[in-house]
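Here the structure comes first, spelled out in structure tokens, and everything after it is commentary.
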Amino acid sequence: MKSRLRLLLVEDEPLIRVALADALERAGYPTIESGSGQDAISQLELASFAAVVTDIRLGVGLSGWDVARFARQQHPRIAVVYMTGDSAFDWASEGVPTSVMVQKPFAIAQMITAVSSLLISAAPF
Amino acid sequence: MKSRLRLLLVEDEPLIRVALADALERAGYPTIESGSGQDAISQLELASFAAVVTDIRLGVGLSGWDVARFARQQHPRIAVVYMTGDSAFDWASEGVPTSVMVQKPFAIAQMITAVSSLLISAAPF
Amino acid sequence: MKSRLRLLLVEDEPLIRVALADALERAGYPTIESGSGQDAISQLELASFAAVVTDIRLGVGLSGWDVARFARQQHPRIAVVYMTGDSAFDWASEGVPTSVMVQKPFAIAQMITAVSSLLISAAPF
Amino acid sequence: MKSRLRLLLVEDEPLIRVALADALERAGYPTIESGSGQDAISQLELASFAAVVTDIRLGVGLSGWDVARFARQQHPRIAVVYMTGDSAFDWASEGVPTSVMVQKPFAIAQMITAVSSLLISAAPF
Amino acid sequence: MKSRLRLLLVEDEPLIRVALADALERAGYPTIESGSGQDAISQLELASFAAVVTDIRLGVGLSGWDVARFARQQHPRIAVVYMTGDSAFDWASEGVPTSVMVQKPFAIAQMITAVSSLLISAAPF
Amino acid sequence: MKSRLRLLLVEDEPLIRVALADALERAGYPTIESGSGQDAISQLELASFAAVVTDIRLGVGLSGWDVARFARQQHPRIAVVYMTGDSAFDWASEGVPTSVMVQKPFAIAQMITAVSSLLISAAPF
């Protein structure tokens, strides 16, 4: 039941990750942190999440595009928010349907609204 | 004029109701609390509200479905947010148009975003 | 499989019903006609439909509001289009979520677009 | 009542205007033709319309931007579709809210869908 | 300029492809037919299109998912409509953002409305 | 890069302006304050903004309608939120496309959600 709210936050920069997790928790979302694409995949295999918030560039290995695609294969209705400091140009070809791209730097309110709106607009059954 | 913002919160669990009213007030929404369907109907007859946020199960008597239908008969443009801890399956047949269903437990940010988005998207005249 | 497209058209005026069924068929939608609320309920119990297009006033007995609520109890994702020659005022309290109200007289293109848009925007799984 | 469907088509090129009026009529929309901005204003003062479909450049005098603004002053909920063969860049600053810009050349189906979608999404009361 | 309307239709079943191309042309969309994923890629390299309408299963080689991703790499704003006779389950992980999935069999009006709505809602500049 | 978040807040009442700027800053949006239409135009000429939040009545001289139109001429994708204590009736004819009208008094959460939603729904490239 708790999984209705739980977010998976995937970001390889620890300082950004901790600050963002703190803001999401204060908004009411239990947040699990993940520092790499491979770790994110493991988390998605272990547990169920309402949303995944992922950076695109995650160092060597899997990217945020890969993480989101895997998350949707596991849970087709999971909400997806991408973050990037680069051009968001690739979103049109690499993103999944009904996802949101938020460009860094972003306001905390933007991220909270993105996550909340996606969870609200998902069909409730 | 104040009625443009005033919310009617209908919830029979006092602890949940008080906590939620507090969060809605802090977000800037003057909130009137109601503990039963019958009381909610009386409030809707007495005053004008921008939105009604209602639990589905309200103990004996009227349900949240009944409260929302009555609210819309009085004010066809009133925003409606339902809350439920059960399956949200009945929303498709029992809910009113352009309403939102939020499943318990929910993040406070989800509720604030639901109310705010409905009030924004309502035609301004 | 065929049920993905099949429409149930509920209208007690035979001339309007036949003309509208003809237009919907030409747009590519296999259409079953029903002349009363009670008959519509029977059809919905017998078979599966992608959408129900229903007049509000159906003579004595069940109304279009009743038909749509029953349809959604059977199939929570069924598309719903209401038609009315009266004021559409009651839709806000009597309609079901994500339904469309089309006021008579309407252009055939309006009805075809209403049905098609609802079927497209329904989640594909 | 008929005005719920009636369109005002404003286009100074007679051949385009006649062909487009014909297509809109076949889709079920009674269409009044207007060949200039000044004539369109006169039509809008005389009668009520569900939608105005207007070219931007209308020769000397009033533009399509002017026509749409006047139409909305008269009827705040009138649907507005602009057509242009130029860059649509000015729409962001000169268009009215909830309007649609269709670039020439366009498919007839695009125009019919634009008009129909706007009329459907307008609140029914 | 013509490319604002031109569609690329990718379908390996010749009978379905010819019938669908005919319907799209009658709706006003100049349509280029392609019978395989590899041919579709070549067409997308040669010319500019407003939309790609593609079957998912295209025999051996590239799938419709591949075609759409390539199309978006070339033209980030190109409209994408997928068709499938299988479960549409994979769309959530394999589709591109703001695309539409239409399940076979579909009504011609559904496809025309899907293409037209996507072209209308694309930002006009 | 910072301009992706920066808001221009145009309000001639200093007390309201300061309180609102403070709330927007706390939500994470760097906010530049402007006390008149003429000053707002100067700010828009000097720098780039993600959004403009403007009162309609700005004393003598330019109105909020003028400010928003100028902002869109400079930056066609800039988000626009209007505020008014009067009837919002004029928005239909005087507002710009994809803008939001928020009526005073409003909850802070409404303004934050309006700004955040507009920035999220803007195409990311």
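Observations
First chain written, first letter: the chains are A, B, C, D, E and F, and each begins at residue 1.
One rule holds in what follows: a residue touches a chain if its C-beta (ideal position, glycine included) is under 8 Å from a C-beta of that chain, and two chains touch if they have at least 3 such contacts.
This structure is a prediction, so every number in the text was calculated from the model and none was measured.
The fewest steps needed to get from chain A to chain D, moving only between touching chains, is 2.
Interface repeat of A-F: among B-C, D-F or B-F, the matching pair is B-F, sharing over half of the residue-numbered contact pairs. When chain centres are defined as mean Cα coordinates, F lies farthest from chain C. Between chain C and chain E, two chains of identical sequence, the interface residue sets overlap only in part, with shared numbers making up under half of the total.
Seen from the Cα centre of chain D, the chain whose own Cα centre is farthest off is A. In this assembly, the C-alpha centroid of chain C lies 29 Å from the C-alpha centroid of chain D.
Centre-to-centre, using mean CA coordinates, chain E is 39 Å away from chain F.
Centre-to-centre spacing of chain B and chain E amounts to 42 Å, using the average Cα coordinate of each chain. For chain F, residues that reach two or more other chains under the stated contact definition are 76-77, 89, 91-92, 112-113, 117, 125.
Note for the complex: chain D touches chain F at residues 69-70, 72-73, 76-77, 89, 91-99. The touching residues of chain F, when paired with chain B in their complex, are 87-89, 91-92, 100-103, 105-110, 112-114, 117.
Contact residues on chain B toward chain F in their complex (touch as defined above): 1-2, 4-5, 27-29, 112-113, 115-117, 119-120, 124-125.
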